[in-house]
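Each of the two complexes below includes chain A, the first together with chain B, the second together with chain C.
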Partner chain A sequence: SAAARRPWRLFGAMCLLRLPRITQPLEKEEEEVAALMEQIELEKSVYSDHEMRKLEEEEQLKRKMESLYDEDEAHGKTVIMAQDLEEKWEQKFLQFKPAPRITDADKSNDRTSLNRKLDSNLMLLVKQKIGNQELWLLPQVEWQPGETLRSTAERAMATFLGDHIQAKVLGNAPYGIYKYKFPRAIRTENNVGAKVFFFKAFLQSSDLSQAEVKADYLWVTKKELGDYLKSEYLKKVNRFLLD
Partner chain B sequence: PCRAQPKKKKKVDVKKEQAQKERMKKKLKKLEKAAPELIPIEDFITPLKYTESNRVRSLPALSPEESERRVLLLKKWCLFKQKQDKAEKKAIQALVDSQQEALKELQLESEELYQAAIRRDEGLFPFERDGPSYTPPLPGYDPPEGKCIDITKVYTQ
Partner chain C sequence: DALLGCQRSYRSRPTHGIGRFKYLLPKEVPKRRKEKVQMKEISAGTEYQYGDLNIQMTSYDLCLVEHFAQHVHRLCNRLSIRVNESYAMPTKTNEVLFLEERGSKMQLDAVLTTHQRVVQIRGLSSTFAPILLEIIQSNQPEGVHLLIKEHTEADFKSRLKSRPELEELLAEMS
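And now, the complex of A and B:
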């Protein structure tokens, strides 16, 4: 629009979230109630076919121990007992080794890796130069006339991670805003400050080895954001992040 | 004189056939009007073999301390869930407030950007995602091969 130039510069920033891959550990109350529910379910149930078979075979064994003439029946038949089956299944289960929930990246605290903290959301932070300071921020670029703010945010993501990122942007509307005024030295009538609009997206592709990352980057959880972001910025960002 | 009788027979036959047809149609209508048979829900019918008495589990009876402990645990659980629910609702409200503030500021800035922002995003739904599992996927895992044959009974009305 050909209106007078606004005094605020507009930026679009993208908060890229890697969603959790494993479940969070249960709280103490949750574990207690889960155990209680299992117990109640056991009490209200009746014997299943497998358990009936096991009970009958135990009876048969007992009778065999006490009396000797059942041996004639059992000769020639190799009977698989239910107990043997259970032991076989137990062995098979113990042989399977699932992938560990705490990965190597967790142990070494490698914050650039996506394999860390698999049970929580990870956010992308990049180091950008604002004015004459190098700051850790959510990736942002300045808005250019002719594009919507959502495309600005997508462009910000592409600038730092390359074009081959598959991310699902959650809607056209911004999730949060950070407004700041420039220091007095740079402030003019037409250039009072900047407004950064945040958009949220879910990372779809789990493999970022093809991404050409242009600057220093980190993947951090919501709790670790405080280590990197300035307090005012952090306050605005925390409002639209669910833990 | 010979002509009249065959004519009568034909008429009577035709009338009888028509009456028969109408009776059949009425019977069909009655059958159709009757309510369709309800489809039985397999999960709600316990198969008869599980009602036999030798299947009943023999467990020690609950002691009063145990039932006391259970009641107190359920009360604690009630409180825990209430707190969790309140925290979730608060977080969602904070999300909505933050978005409203952002949209207000955007409207102050530029009307056309605001209109673009409040437009519905058609590509967002349907949105499908697999939930988290207990352990992460094992790289190079070879699942056992096999075929799954569906034996659910399908009822038609």
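And now, the complex of A and C:
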């Protein structure tokens, strides 16, 4: 009945998420609790093999200094002392440099690159022309009869990012819906408004160099969505976004 | 005088069997030793439900993996998803040997232990599954690999140990 009386145009939109690569930094309380737990564990713990060996060798050294025993040398086991091993490990650790958490893209606030904000979800926003206005939206494409809404969303993704995108779509059910009516000037009998169904997908590969992007695009976090999206749209989109 | 002064209430005595209570308790079925194989359930249709799903978490760090497994278990309890079992697979030990060949050949050893925890879930509806997946993925700690797959007989058999003596005897018999 809805199709007969007031048909809505259906769109399928894809919310492409890039998962965070690093964990978020701990809050102040979390850090305090973590430090406290570590201290408790340290005080409760027992010596490990390595530490026992170290203590024994220290004692043997002391005895050697004081009374020049030769029995210990006759064993021949203490060629490599535990202390030496520890120093070696320390040096190796100092040589290792982990990758920086705040990348260049963060510093320059370049919103088109995928390398910024490695600890939060990034979403794809595309500039699209709807009616007369150019708006920032999640990539959407009109539904054609005969295809499922999920394939509409996948087509939307493909039109904006090229065919070879390794993204995993989550499930066949849409995550959210946004409907709006056209302004009275354009409204006709058959076209009252539009409904946009949102689907979610995870980006598997982080390399988009092969993608031919056809329009302006941005990768934004949830907080920055407010800068670009309209309020009504934003409300519906925020409902299904985890932070 | 060693007089036997014990009072043995024999069957003729009226108080015979005064302390009996076991006949009042419900009957206990004797425990069987054999393990029963798992049950599968796949129902297609609009109400698509997954059968038994295994969420496997592997990591080198024991505390992280255990805490994460606990977290997932509690999450499922909260979301009223039925958890069949949550068990641990045996740990695998890997020895890493460095062969530095610059003049003196040194072999530095490192011993790594890989721990694996499995949470088995049943009755996950397909509309809810991606949400759950997203929640678990976003809560994943560093260094923990997550794997969700369906439970199969091979998974079940991998937990059991093989008994070589029994197999030898069976081979001899047949």
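By our rule, the second predicted complex is superposed on the first by the 216 of 243 C-alpha atoms of A that agree within 3 Å, B and C clash if a C-alpha of one lies under 4 Å from a C-alpha of the other, contacts with A are read in each partner's own complex, and residues count from 1 in each chain.
The rule is short, and it goes like this: a contact is a pair of C-beta atoms (placed from the backbone, for glycine too) under 8 Å apart; a residue touches a chain by one contact, two chains touch by 3 or more.
This structure is a prediction, so every number in the text was calculated from the model and none was measured.
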Partner chain in contact with A:101 - chain B first, chain C second, else both or neither: first
First (chain B), second (chain C), both or neither touched by A:10: first
Contacts of A:172 with chain B and chain C, given as first, second, both or neither: both
If touched residues of chain A are counted for chain B and for chain C, the larger one: B
Touched partner set for A:193, first chain B, second chain C, both or neither: neither
Contacts of A:19 with chain B and chain C, given as first, second, both or neither: both
Set of chain A residues, in rising order, touched by both chain B and chain C: 19-20, 22-23, 170-173, 202, 242
Chain C residues within the chain A interface of the complex: 108, 126-127, 129-130, 133-135, 137-138, 141-142
Contacting residues of chain B [partner chain A, same complex]: 50, 55-57, 59, 70, 73-74, 76-77, 80, 91-92, 94-95, 97-99, 101-103, 105-106, 109-113, 116-121, 124, 127, 129, 132-139
Chain A residues touching chain C - in the complex, by the definition given at the top: 19-20, 22-23, 88, 121, 170-173, 200, 202, 242
Touching residues on chain A, where the partner in the complex is chain B: 1, 6, 8, 10, 19-23, 27, 29-30, 32-33, 36, 42-43, 45-47, 52, 98-101, 103, 118-119, 148-150, 168-177, 179, 195, 197-198, 202, 236, 239-240, 242-243
